[in-house]
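Structure below; questions to follow.
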């Protein structure tokens, strides 16, 4: 017990150290670049952030942006896993879906933003774009995970006539967990990035992206960085929550979790 | 021998079928949406593409864009693998680098586009942005791959005092191949998408993105789609080449390749 | 079983192989490493298809298979691993009863909540045995089932097969490299050679199991033959 | 070796364990499944650290270890697997010679370019044996090394250990569940029980190896003791 | 089609030799689109060596790149949106000055139909605008305000679409009322005959502002340091630039061809149609000061940040 407390203490000390380290790097960059307009001083940004957090509109924007990212991610994850499983079970389906995925992955947003904007409300466009970005990542990793499932275990299940859905639940799903969680970690970051970028494009009323955009056009770099920092912190927060969740759900479930 | 020939034949027939299928879907969408400016007819786009491919500027733009994507990807892959390995060997390094990665992943391009445009020439900005997008994907998957290396094999190498770099080459590298290739497949698509988007922002002289943008501004949707199609085709081509390469390099090397 | 044929690439593992396996008996397969035993019983258990030929009379039979490797789900506990194969065949209560029964048979009741990585080699093997026994298939196919087990447990399990499993109208097919094991339990001993796989000799051990302990001399004769034949 | 102590979570596998292992001998470890044998030899080979206590006189020794599982690199051929451990210790030519020599010892020369997935269970085990032998460590630690091998090959390998390996001033520590195997090769037999691990009895087999075939009666006595002691 | 013009028109060696007097040099940057259109005359004369200065033109499509170059001092003179001029002045502590106004209103309300003839007619309608928080947004809102209409209540504003998308949507009839700048107005009009210009925002602006206020959309700015050290050069440039503006407005055919040549707009047809509606002008800073200031005040009242947080002082306006 005491052991784990000291460990936790050391860990949080560690976090503070890491935080200070990166702030120092930032301060260093500020001193080297010497252009407030490109890289503002950390202190200025924190002061601005302090001003922002007391505003109601700040929290409203953050809340709406979080909602959009989560909606986009959940869509991506659900569809990515389902379609990933379907398309790796049958080679024909895979061959059919693969070019679609390549298209989704590589088509520049520019090319279809207008349809998206006309079909969805401007508040939902970021969800859609976030989905288009993250869905193929999840899909690719799920397919890779399934391809690397241990065939020996599948053979075992076959000999014992284990039902399809049990095989899915007990062999496929646990096998794709590491691939899946790598994809999710990637998407948690990407999701924020593209949602915010899409908010810049579609200008919903309450959105981090909208604030970011006006900060940029008005060359208000401390505000720009303050909002950027908000995005980064939210993304780190999300990642930590996700890591906690995965750890909990695979606790004692996989040899790797412990090591 | 004959067996493999018929198989190949069937496969290419298959490809034609898949191609026709998606064109039909497109034509269907065109008929349903009935807005030439949003979704032009496939035929129009092909005709426009035919006009484009005879132009010298077409090939120059394609060549430069390919160069940018490849440069961005190679940078991402090299650094992603190297830093991925370094940061999974030591927990402290990982804790230190992780927030940086979260920042890179989630920081909207908007926030640093000015400084990027100043530091790099407008032709190199897409490389940089492509790198920022793909690098964390590679890194995340490399780290996941390393975390899932079979500890039993590492123990074996330890008992036999196998040299560090041999362990790296013969245990770590092959273990991360499936994770790595999933990441690469994701990045091959993403790379195209973000490079082109960055070209739209930075407008280099020879760039698919620049053409895409002006097609868009001047409401030339067949040209917009023609260029988009070029991007998608290039991305599929890249993916196929990559799949071929991976297959070759892991031929008979891993149980999974064959199945 | 007729005209079996199986290639791995250029290697002809099984070629024109014919064999009769009489039901309600314990068959033991004996043969050098790499001769094709596992391949053969994989085909019998229809785990892998034969390139040519077919197995008769196996279609409707359920199979319990103890693999040469343990093939446990690494993310499931010992108990979950056993329930995994039972759930599709038995209802929940039955499955739980069977699992409990066979866990105590292999002496793992205390470890039923342990994960495979927390087990010793022999304990993993015991889990695999419990899984196969608990499934109670019509055919019990076993690939070196008792490796890594100490003598006592091995004997207990063999007794169990003879006393209970055997009576339930099942047939057994098992691979071993241990002469004593084979003589202790088998009705038929098939000595294989290969590849390509062929039957060198079939020995019918016609001593009832109850008498094997007492008829030591007769057993010794069988042993001599067995050792002799497999040496050649 | 003093006051060893090792816990896995709440399970005390080894607790205050003391033992002397005399050099230049073949030591055989005997004990029920799950008693802590593998854990013990892992500590001896410094593969895992002891929670308390330490092993003396092992620091500068190189170790060849045949694991309970094969632990082959799935993406490397049989030959590459063997060279993998040799390359850091021997120069290229030596490594190749050693690999060739031991491949032919375990009768796998024809399969040196095969990948583990193309091998039978016994062949994988033989690869693992060849790897350990080829490394020629000062200490040879073996965890059920001969499982899955047919009698002939097993005997050949044991003879090899007695005739060559043994002479080279090495010591052997091996786990087995097979009484005949132990009596064929071991100088000392340690009967373990556990967990927590403890030494139940140490039997010193003082018949020179050459005479074991002839002194059948004496061997039988040892066997009796061994069976008796491990049964209790 | 090429959008980016050659960054530096090559100066033939012979020309250099024939010129005996050493010319002063100047780096000029502009964005593609209307703000750059007035410059084509100058670019042409510079290329043929008739210009009084040795110009190095940079045409950019990316405003971010232009901003970066100005901040870094990599260009001496640049054509930028008027509010950006003020933003830059305030954010760089007076590093730039406003030398002249070069574009007046380029904003128009397009309608698919025939219902809107005055600002009042907008009541109860939805107007699509692009660029929230940019000049068009505030100018339009100000006009609404002065006409006793409340934004988002009497007139709904929708900012979802960017210029090009908005133009496309207007062409396709998915948007009936759109506020667009040139040259998007022209390309939309050329694509859909049903579209018409319903309101000229410049005219409406002039109606609601006093003392003949003008809607100053684009301006020429100069690095203050350059202006102080090379006053003669700058004045020479302004003179030549004025001439160029006049050339563009008078000889539209020729100008349109040059606009296509330098890739400011993709084709001469759009250029020719767009020139009359683009309000390309030349007004000296001192002359423009009053209405520019008024414009800034309007922006300031909506959002102080849109002019860089504060109103520019007199030092902002360059004196010849």
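We just call them A, B, C, D and E in the order they show up, numbering each chain from 1.
Going forward, a contact is a pair of C-beta atoms (placed from the backbone, for glycine too) under 8 Å apart; a residue touches a chain by one contact, two chains touch by 3 or more.
If you're wondering where the values come from, they're calculated on a predicted model, not measured in any experiment.
Asks: Based on which chains touch which, give the shortest step count from chain C to chain E.
Replies: 2
Asks: With contacts counted as defined, which of the two, A-E or B-E, has more C-beta pairs across the interface?
Replies: By number of C-beta pairs in contact, B-E is the larger.
Asks: I need the rotation angle between the copies chain A and chain B from a CA superposition, between 0 and 180°, in steps of 5.
Replies: Rounded to 5 degrees, the superposing rotation is 180 degrees.
Asks: Could you state the distance in Å from the CA-based centre of chain B to that of chain D?
Replies: Centre separation, chain B to chain D: 49 Å.
Asks: Take the average of all CA coordinates in chain A, do the same for chain B, and state the distance between these two points in whole angstrom.
Replies: So the centre of chain A lies 18 Å away from the centre of chain B.
Asks: Using mean C-alpha positions as chain centres, tell me how far chain D is from chain E in Å, no decimals.
Replies: Spacing between the chain centres: roughly 85 Å.
Asks: Pull out every residue in chain C that's touching 2 or more other chains.
Replies: Each of 69 in chain C touches at least two other chains.
Asks: Got the chain A residues that touch at least 2 other chains?
Replies: Expected reply: 37-38, 114, 118, 213, 255.
Asks: Quick check: what residues of chain E touch more than one other chain, meaning two or more?
Replies: 67, 71, 165, 168, 174 - these are the residues of chain E that touch more than one other chain.
Asks: Going by the touch definition at the top, which pairs of chains touch each other?
Replies: Between chains, contact exists in these pairs: A-B, A-C, A-E, B-D, B-E, C-D.
Asks: Over in the complex, which chain A residues touch chain B? Could you list them?
Replies: Those in contact with chain B are residues 14-15, 18, 21-22, 33, 37-39, 92, 95-96, 99-111, 114-115, 118, 133, 136-137, 140-141, 143-144, 147-148, 151, 178-179, 181-183, 185-186, 188-190, 192-193, 196-197, 200, 209, 212-213, 216, 224-225, 227-228, 231-232, 234-236, 239, 255-256, 259.
Asks: Touching chain B in the complex: which residues of chain D?
Replies: Interface residues on chain D, with respect to chain B: 45, 47, 62-65, 67, 69, 71, 73-76, 84-85, 87-89, 115, 117, 135.
Asks: What does chain E use to touch chain A in their complex?
Replies: 67, 71, 84, 87-88, 91-92, 132-134, 158-162, 165, 168-169, 174, 303, 305-306, 308-309
Asks: Using the touch rule from the top, collect the residues of chain A that touch chain E in their complex.
Replies: Against chain E, chain A makes touches at 35, 37-38, 113-114, 117-118, 121-122, 125, 201-203, 210, 213-214, 217-220.
Asks: What does chain E use to touch chain B in their complex?
Replies: 1-4, 60-62, 64-65, 67-69, 71-72, 163-165, 167-168, 171-172, 174, 184, 187-188, 191, 266-267, 270
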